[in-house]
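What follows is a short report on a single structure.
Here the chain labels run A, B and C in written order, and each chain numbers its own residues starting at 1.
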């Protein structure tokens, strides 16, 4: 391992620690993931194309992307709002609220799923008020959006919060002293500085929504062509012992998540560009 | 223990941090490695300590090659620039650490450890703080604890990296004098790194001036200050005025030319020279007189401090700094804007090739 | 749970409160934020306990004392007891290599460690089915030797280890990086050996960050649903973890029982959040400028 070292140090244990790390990472992450791609690569291209262009698969990809996009957008707006309020204002119960923002991270997705379904069902606490207006929340695409918004909620808040805290209040003061109005200061001074964090939070929330299973599967209703998300479709194929189908869809899905991850990294690099100057 | 460094080379990528360094430190000496940041002084110190590895060259302790001996077996005491105190341990535990980690065979008993730590805390005058945590100490106190911790293992060599770098001016001056006294008391071979020439000149027995990975000069503080071996040393050890000119029969002849371009007045056979003159080696007078006298206009006078610092502009628009005593200042009753004459008292010549 | 989202909150200090908005805007925005969080966070939380206790405490207790519930609790604890220590050791080892040394390929390694965060839970389960399942690479061999991994406890453990793989390493790497190498070098210069340096100097310096990672890792290990669901086979009393048990009860219309068990997981989540908050405060003091 020593040949990898760029600079020798007196701190011991490089070979041992890196060796173990690489070994464990290969065993737990790299080999299993590679297995997925090898398996789907083994299929002829025509079959891959056939699997991915089936109407049911296309519909579920469309649904997943659309609902994830809507949920991430909702989180973008409300995440900024929550981060803003948590950073800028002082009010009783603030640190409690701050801690609670992470609830969707900590609450098992199955619990979130059955709870949201119960809340938004026709006779649920919230569903009963939507029913008279003809809004069907649970077992519909709206339900998927609700579940995805719930699980993606902390991402935007937690990426924007530290940036907002670090924001130099003097640049805002400077803008006010130069005669800018409140809205102008927000759109011309604050927002440009927050954009990278907002976009990163948005992308993370979107990526999480794409692969979400537990919270969606209960509230979605899981009707093929209508409310069947990709991760559910994979499970369905698996339960039908259609390994080729499940694997191909999963590989396609995984590639898309990696693209989103790549975008996140590019955004983070982009967000650092003025820090270096 | 004496230290010898032979032909040490160290590169970080394309950057040469140390370029064939040779150095000897005698037993019981207190040596300063002085230089600007990036001169390689800290790297050299860390190589002596065994915290860094040289690409080539050898380090010898008492004539024995220790180049490949790991740091823990070198019997050195190292004081880190930011102290590197163990923040989860009390002052006492910090100082005792080096004794407690010894293998059982050589480990002192509990009471011996306690006695030795107490003695060291007394030496650094911090007995009362034995149960405090590093975060509860001032910078100067942390520095002294770091020193006590390094001394606890009874090192044959004490190495200090910018020991006063992170302290404010007053504490710095106090600790400087204290370190000098401490060294006189315990007499362990010591090397410390600093970028502050005053610190090096005041504390060390010998000063090693370093620049761009090379040693420029080694000598006593008096030597390096009064007889600098290179323009760099002259410039680095205090403010200096640079003129073009010659020295003839020990008399300074300054060319009234723009600094940087040789003047036509220079005789054909005499090569152009630079003259380095410290501000206190210039004098001001209202009348011309003596060799090398030239006219200048007073631009600024700073009379706060032990000497009066006068900034003047010569006829050829060079800014010249002169330091005179308060008495002289009173006698001259200088005013800003006044036309006066500057007379060099003494100068030192270097070839242009040495240009900084 | 996502490390990219959580660890940024770690190294923060108290925000500056300074506003130019009018009182009305301030209150309006605060109320709006409260409304949103109330609707999306507080209401579901309240609903879990309310539904679980709908038929009173005795029905609640009965649901929890059922043998199948007990065995689900046991299995969940077992899985966490294997996955968390495994990733704990890995997290320490990996962050030691990454934070204390400069080496080629470091960025690739960090990306690989982060990878499970961006893999859908369902896919995380699927990859193990593809290796160890009957149709998988090792399936025939495993069947010959009568070893069951998929639809058995080992599969659940594997999927959980994969899902929780990055948690502890992700918390420790930035923390160790912020602490540098100085204290380790000091310990070595004082004659300590490598293990002494690690146990006496490094470990005490990262203990709160480590605990933080363990808490998050544990919460995810106990609560994971998607990945475990794919590999478990849902054999009652055998391969059911708590989240899977919740699903089965819910699908059988045993709502009170489902929410009673769900409330256990919700309590775990709340405890996690409380501990997380406390530890964030502790970690902050760990990563603050060295003395």
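Descriptive notes on the structure:
Just so we're on the same page, contacts are C-beta pairs under 8 Å (C-beta built on N, C-alpha and C of every residue); 3 or more make two chains touch, one makes a residue touch a chain.
Bear in mind that the values here come from a model prediction, so they are computed numbers and not experimental data.
If you compare A-B with A-C, the chain pair joined by more contacting C-beta pairs is A-C. Each chain's centre was taken as the mean of its CA atoms, and the one lying most distant from subunit A is B.
Note on chain placement: the centre of subunit B and the centre of subunit C lie 53 Å apart, centres being C-alpha means.
Chain centres here are Cα means. That of subunit A falls 56 Å from that of subunit B. If each chain is reduced to the centroid of its CA atoms, subunit A and subunit C end up 16 Å from each other.
Counting partner chains per residue, subunit B has residues 50-51, 70-71 touching two or more of them. The set of subunit A residues that touch two or more partner chains comprises 7, 10. Contacts with at least two other chains are made by residues 185, 188, 193 of subunit C. Note for the complex: subunit C touches subunit B at residues 182-183, 185-193, 196, 200-201, 204-205, 290-291. Residues 7-8, 10 of subunit A touch subunit B in their complex. Partner subunit A is touched in their complex by these residues of subunit C: 1-2, 4-6, 8-9, 12-13, 15-21, 25-26, 29-30, 32-34, 36-37, 39-45, 47-48, 51, 90, 93-94, 96-98, 100-105, 109, 112-113, 115-116, 118-123, 126-131, 133, 135, 137, 161-162, 165, 181, 184-185, 188, 193-194, 197-198, 216, 219, 222-226, 229-230, 242-244, 246-247, 250, 255, 258-259, 262, 265-266, 268-270, 272-274, 276-277.
Interface residues of subunit B, counted against subunit A in their complex, comprise 12, 50-53, 70-71. Taken in their complex, subunit A has these residues touching subunit C: 1, 4-7, 9-14, 16-18, 20-22, 24-25, 28-33, 35-36, 39, 78, 81-82, 84-91, 95, 97-112, 114-116, 118-119, 125-126, 149-150, 153-155, 158-159, 161-162, 164-165, 169, 172, 176, 182, 185, 201, 204, 207-208, 210-214, 218, 230-232, 234-235, 238, 241, 243, 246-247, 250, 253-254, 257-258, 260-261, 264.
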